[in-house]
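Look for chain A in each of the two complexes below; its partner is chain B in the first and chain C in the second.
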Partner chain A sequence: MSAAERAEPGLVCAFAVTRTPPGPTALASVPGHEEGGPLRVLDAGGLYVVVQDVPETLFGEQALAERLNRPADLERCARAHHRAVEAAAGTGGPRAGAAAGAAVVPLPMATLYRGDRSALRAVDERRPVLEALLDRLRDRTEWAVKVHAAEGSVDAAPGPPAGPEGSGSGGRAYLSRASARRRDRQEAHGKARTEAEAIDAELRRHAVAATRHRPQSERLTGRRTPQLLNAAYLVENADRDAFTRALAALTAEGGRPSVRADASGPWIPYSFARWDEEPVPETGRREVPA
Partner chain B sequence: MTDLDHRYADPDGLAYGPAAGSLADLLERVLDKGVVIAGDIKIDLLDIELLTIRLRLFIASVDTAKKAGIDWWETDPALSSRAARDSLADENARLRARLDALESSLEGDSADAVEETSGAAR
Partner chain C sequence: MSAPRAHAVDLDPERVTNDLAALVLTVVELLRQLMERQAVRRFDEGTLSEAQEDRLGTALMLLDERMDDLCAQHGLSRSDLNLDLGPLGPLLADPEP
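Right after this comes the complex of A and B.
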């Protein structure tokens, strides 16, 4: 079943590995990278890789590095990658839901090969890991949950505290007000953190695994309050209702006044498709100086 | 940032759309999550798997992301240790070069150096 190398100069961009290849019509309806050919499937003998031919002029090292340094191109590329990964899972179409999707192991954006042969070899060399991950991710989706301190609970300082030391206009009074404000802020922040942890604990009850991304900066989130939790949960499809119910309760306004929780999902389980977090023999993961 | 089109309609009508930072969520996932089957271990020069592209790309994207305010990798142990290793290697190379230069100049000027030393001792 060896795949023929293509004649024209180009690269092969790989998106995801699956056991159940998406149907050709479903694949054909999903554009991958705009600059490349149609999505296609490589048969690696029990495992299938969804790939796309892309021109080397745009996806070669230099060209791609330049393009990805332009935010608009970076975004287009990321969305194209995500589309193709969803197509590999059969979840990209209008009628398919993530629950119906086949298990896929997503590959990082811009996984490029010189040709089909090297893509297939890469899959073949990591077959046991990929199989294990496909078992782990089958019938599961990822949910992203972010918790921020509520506006006004942390940063917006409350008015001057009541009490004998709160009034007055001397330097001592000023200092005492300032330290009271600081204390309030710290208390509010501590409370928000506690609530964020409680949310995490509650959601973990309905998830088979959880992981955390680094909290995003305020510049990135566009919020005035800090992000306290940037978590991802791997949820069994059978438990999805329970999870989303818990989520709905947690994200409802007013339930937890110190924080604001937002969720997105279901996602392809990107955050759990990593074998470096799995207990695997060290031999396979030798680092080289980059 | 534009809205993300990744969401699915939930069977129960509950739909969780992306929050405001949706592009960030996506980049957070597609840039450095997923299985690297490009091989972090060897680079085959004859039929290269373009690992270097992936790594350099990631670095390039990181620059872009940084400009956009995305900075989650800074505490990523894998990446920061790599960066630390790189900077150590660089520093090592620089020090070696300086040492070489010093040694060769020292050999050339050893007579002067001795004189200067004894002069200073006096």
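Right after this comes the complex of A and C.
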């Protein structure tokens, strides 16, 4: 153990790994976490890590856990993380767009090390994985697509059709209405699910890889209808036009009445850069939804 | 239910009462939906006599109306009576409109 480590070095927050470090002037203009020092680059020999010194009082285990439980602090933290990752990719400038940047492996938010040396060691230990990820993410961007059941298609299924025994106010009529309502809802839900699957299948044709995240709760999405698909696609820059054309066709109003699809991108490929996990397989193989 | 309040233990009596009412009503609504689902299944299968169907349907209808009253008393709507069970999705899979 070296003297530096025995002296309890401060906390270092790591943001991203890249092969082409951003210039110091570009980095200096980007604030990372507001409470920390300026962004700087560590040289891990061929790989570079963008890091920032952060105060122990705010980023210690307990303090951080508490802060991340508060939605406002969590959002600030996530934005700071994204800013720094963009800076590492050299895309932090005014609307440079994620595509123009160098390949980066974004690290999970709040990846903390005690001192530069442990950060460098962590990179060194994962060198093969990081090299493979950088190869894989080069000239590719991520697109996020969320599909919801259309308002009024599932939950607000049209009122019960007053069939021969559907009208009236007796107990049997009530059961009959409840039965019809359940059937309508199941049909609507099945249709919406089928359309969501079709959207996913179509987009996968234009993507190198795709992955599914757990659908977000309605509280998170602020919608009244369930989220059916929460997917991310890794798209080759050369195929981007084809992908966005397919997206535009799919998200256009009218084509698929049972669902609403929303897309965003291009993003730095966060969903495909898990350095501690098995790499996401290329398309062609269906993945189990998370 | 109201928005989660992390960490702070809120002992405002009014609020505690309302949260408790919402929780109790959530459980009641869950049971009501389960009963209704079962009744509808039996109804669709046609294994009930007409008299049974009528009694069961009437009971469920009254329970449904009673739920509306109780929700109104506590200033809640049916869609408030749900719990997000994370990976399992919402507790009440299909809230009544």
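Just so it is clear, the second predicted complex is superposed on the first by the 258 of 290 C-alpha atoms of A that agree within 3 Å, B and C clash if a C-alpha of one lies under 4 Å from a C-alpha of the other, contacts with A are read in each partner's own complex, and residues count from 1 in each chain.
FYI, contacts are C-beta pairs under 8 Å (C-beta built on N, C-alpha and C of every residue); 3 or more make two chains touch, one makes a residue touch a chain.
The structure presented is a predicted model; accordingly, all values stated were derived computationally and were not measured.
Judged by the number of chain A residues each one touches, B leads among chain B and chain C.
Touch criterion met: A:W143 reaches chain B, while chain C stays clear of it.
With both structures placed on the common chain, the touch criterion links A:R204 to neither chain B nor chain C. When both complexes are overlaid on chain A, the residue A:R212 reaches neither chain B nor chain C. When the two structures are aligned on the shared chain, A:L175 is found in touch with chain C, with no touch to chain B. Of the two partner chains placed around the shared chain by superposition, chain B and chain C are both touched by A:R70. Shared contact residues of chain A, touching chain B in one structure and chain C in the other: 66, 69-70, 214, 217, 219. Residue ranges on chain C touching chain A, taken from their complex, read 6-7, 36-37, 39-40, 43-44, 50, 53-61, 64, 79, 84, 86-87, 89-90, 94-95, 97. Interface of chain A with chain C (complex): residues 66, 69-70, 155-157, 170-176, 178-179, 182, 185, 214, 217-219, 224, 226.
Those residues of chain A that touch chain B in the complex are listed here as 11, 14, 17, 60-61, 64-66, 68-71, 74-75, 78-79, 81-82, 85-86, 91, 96-99, 105-115, 117-118, 122-123, 125-126, 129-130, 133, 143-144, 146, 213-214, 216-217, 219-223, 241, 244, 247-248, 262-267, 270-271, 273-276, 284-290. Of all residues in chain B, those touching chain A in their complex are 2, 4-12, 14, 16-42, 44, 47-50, 52-58, 60-61, 63-65, 67-76, 78, 82, 85-86, 89.
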